[in-house]
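The structures come next, written out as structure tokens.
Below, chain A partners chain B and then partners chain C, in two separate complexes.
On to the complex of A and B.
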């Protein structure tokens, strides 16, 4: 641990500002709280929002896990874990069950989370309406009025054009029956894990300077229509390493003839299953 | 058999070693000293301080060396370091009237009180590569020293009531954009803060677009001045101002034609640009963009990109832009997998539909 910086890099006043904003976010589930996002020593778009939240949450006794695409060993996950080991000296782990704080990009772990765990999401674009309405002043008004017609029309047009909703990740959700919220670019496969989760879920968008929360046991509904209910991805394959048939699979090209294999995107989940099978 | 890509940590360590080696170059060549960078690459240092929002020549030089001359990377390094610095207080507003001027030019009057002072400028070099040694000749002493203070050119117009009056005293206390998030609509003080940190290339392009018909503002360079300004703070426990040093600034005041509107008479209006160190291109660009962003207040039709507050202010920052554009390098396997399966479904639907249509055509024709 380097002593040239405060514990977990940020100074205590900044952490207090972040914690206040987080309390507000927990009090208003799904509402995007503007906050004084700081410039972090990692680039914007690479998890600066998540890193700031993690820095504000960490205490010396916490155990941190960092995943990107579900994996602990992808380079950016490794780098963020190295960063906190360096500036906070906390214990890190790859085991989902051992972690008290899990920072993630694009996935929710397959292993069910507990009440004593916090999941921190890195969010590139917190505004679910942004691609439909680029003006921030306008989208804030739409949220204030709970006017989500734009999104419903978009989903309806998908159905009219393709016969189903053509959004596969960052699938919009309604939190606590009030705020339309981006779950971050997780595959819609993970959306059901947001609903009534025992773990606190926090979302940080550093570049866009917004944070929001889904408190434990909050209702989270993926948008759908009565005659077109929400559906998640299914595979005809099982994981070729652990045989799982209920996990999110990544497709890997294994030779120059384009042969494919399917493996769990959650490396810890896959590894634990293989260890159990070997035992 | 597939082997999971392991060893991210080791790969990163090796990459850092390669980077260090590439950065240093041939060990037989001496390493650049910070003094060399500060003195001989001073305009680069100024840009890094300016967009890094931290006035410290030595740290800026260090960042440039560490970034191997990549200015945006150096700016990023300085910004990240800045985050960790405690905030002791705020200075008094800087008085650029009292600037010790090194350069001062006006494009609107042939001569002005205090005179046109070219100072050290590239404007009249002939852009011929200097193959010979660049050692300067002995400077000649001026016939008379420059006056201590020079009146602002725009104040001379103000006396005739030809230019809009802006009373600084009525401004609300500005927010600190490095501590508070940017919100819309943004007032002028906030916009100026954003532009001051904005990427020079982005502002230059935006400013240029206003000269080519995308929000015409008929600008004149009323005055550009560069020199040193004293920095004063007023500690609460003292109750009076003390000088803590001086910094070099470049200030640009644009004069823009205005035919009246929104209840205001025809008059000249102002666009303002300010930057740390010598940065004339940036200060001028900033002044042009500041003026176009005032379109709502002046009742001008807003149709051009440079008039769109959210468009300009949300995309001006090089650290934000560079990070987000380059984050596409990060793995997106999971989202890509989701898109792959979606595309397979869509493509199967398309093929089925084509087959059905073909069958239907054959049926009718037979």
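On to the complex of A and C.
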């Protein structure tokens, strides 16, 4: 641990500000709370929002896991994990079951989460209506009045163009029957895991200076039409490494002759399954 | 029969300049009122104030709701104003690009207000959108085309379909035919006349074109410099104008 920094990099007043905002976010599920986003030692878009939330949450006894697209060994995950190991001295892990705080980009782990775990999402664009309504004052008014017909215009366009709802990630959800919320760019495969999750889910957008929360056991509904219900992705393949047929699969090109294989995107889940099969 | 919209002593000032001054009128269900006058005479200001899009400096606008209660638009909350605009009113702008959502298809434009009202059945939305495109004489097979691929006249007809799809009780129109060539204008006016009769809706229409008033409106109000100078039955005003300005306006219509 580097002693030149305050514990977990941020100063205590900043952490207090973040915790206050987080308490408000938990009290109003899905509501985007503004916060004073700080300059972090990595660029916007690399997870500054998630890192600030994690810094405000971590205590000396926490065990941290960081994933990027489901994997523990990608650049973003490795660097953020090493960052907190250095500035907070916390134990890090790649095992989902051992972690108390999991910072994630683009996935929710396959292994079911527990009540004593917190999932922190990195969010590039917290406003689900942004592509349809560029004015911030207007989107805030729409949230205030729960006037969400606009979101269905996007889903309508999907069906009109592709015959089905083609939005496959960052699929809009209604939290606690009230706030329209972006689940961050997780695949819609993971949306059902948000609903009544035992773990606390926190979302941080550093560049946009917004954070929001889905508290444990909160109803999270993915938007859809009556005759085009919400559906998650399915594969005709199994994971070629562990044989899983219920996990989110990545298609990997393995040579320059078009050969490809499907493997679990969640590396920890895949590794655990293989270890069990070997035993 | 009681009025639908009651405007009393409405004035609006832009700083020192007068937008409109002391305007009063009643609009009854099923009635189409035309407001005519030259540019800068306060027609659009009056329309926006009546449609609660701007807060007037003084005067009152009252609206008779579906449930029979009178609503004072000056005391309306933002939520109620939007609910009215969404459920009971429609607004057709002069430039269809202001009233349409240009980055989504024609079908989505028509269906948007229905989705805002909570309709969540895709095929039903689709059927209604197709029906309305047909009603405004747009080929239903173009339902998935972007409005940017439409001509100006088609865009205006699309905007009319988008506004009328929820069957509003009251429609505000700000020069819906200005900027279109004469033959397209005629088709749109024809269409409007038919739809107004079919749906029995009340409308306030702003125009600088007396022929439009003659064709559509039972009653006409003539404005000059922010004030109403003459008001009455359209035929009466056009055939026997009393006020010097109205006389000038009528005599300056080109005839061939």
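The rule is simple: the second predicted complex is superposed on the first by the 279 of 279 C-alpha atoms of A that agree within 3 Å, B and C clash if a C-alpha of one lies under 4 Å from a C-alpha of the other, contacts with A are read in each partner's own complex, and residues count from 1 in each chain.
Note that in this section contacts are C-beta pairs under 8 Å (C-beta built on N, C-alpha and C of every residue); 3 or more make two chains touch, one makes a residue touch a chain.
Model, not experiment: these values are computed from the prediction.
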item	value
Touched partner set for A:228, first chain B, second chain C, both or neither	second
If touched residues of chain A are counted for chain B and for chain C, the larger one	B
Which superposed partner A:261 touches (first chain B, second chain C, both, neither)	first
Touched partner set for A:156, first chain B, second chain C, both or neither	second
Touched partner set for A:166, first chain B, second chain C, both or neither	first
Chain B versus chain C as contact partner of A:141, first or second or both or neither	second
First (chain B), second (chain C), both or neither touched by A:194	neither
First, second, both or neither for A:22, with chain B first and chain C second	neither
First, second, both or neither for A:36, with chain B first and chain C second	first
Residues of chain A at both interfaces, chain B in one complex, chain C in the other	none
Of all residues in chain A, those that touch chain C in their complex	132, 141, 145, 147, 149-150, 152-154, 156-157, 159-161, 224-228
Chain A residues touching chain B - in the complex, by the definition given at the top	5-6, 9-11, 14, 34-41, 43-46, 48, 68-70, 73-79, 82, 105-107, 124, 134-137, 162-164, 166, 168-170, 185-189, 207, 209-210, 233, 240-241, 248-252, 254, 261, 263, 265, 267
Chain A-touching residues of chain C, taken from the complex the two chains share	78-79, 82, 101, 104-105, 107-108, 111-113, 115-118, 120-123, 125-126, 143-144
Residues on chain B engaged by chain A in the complex (per definition of touch)	2, 4-9, 11-12, 76, 79-80, 82-84, 86, 178-185, 310, 314, 319-320, 322-327, 330-335, 337-342, 345-346, 349
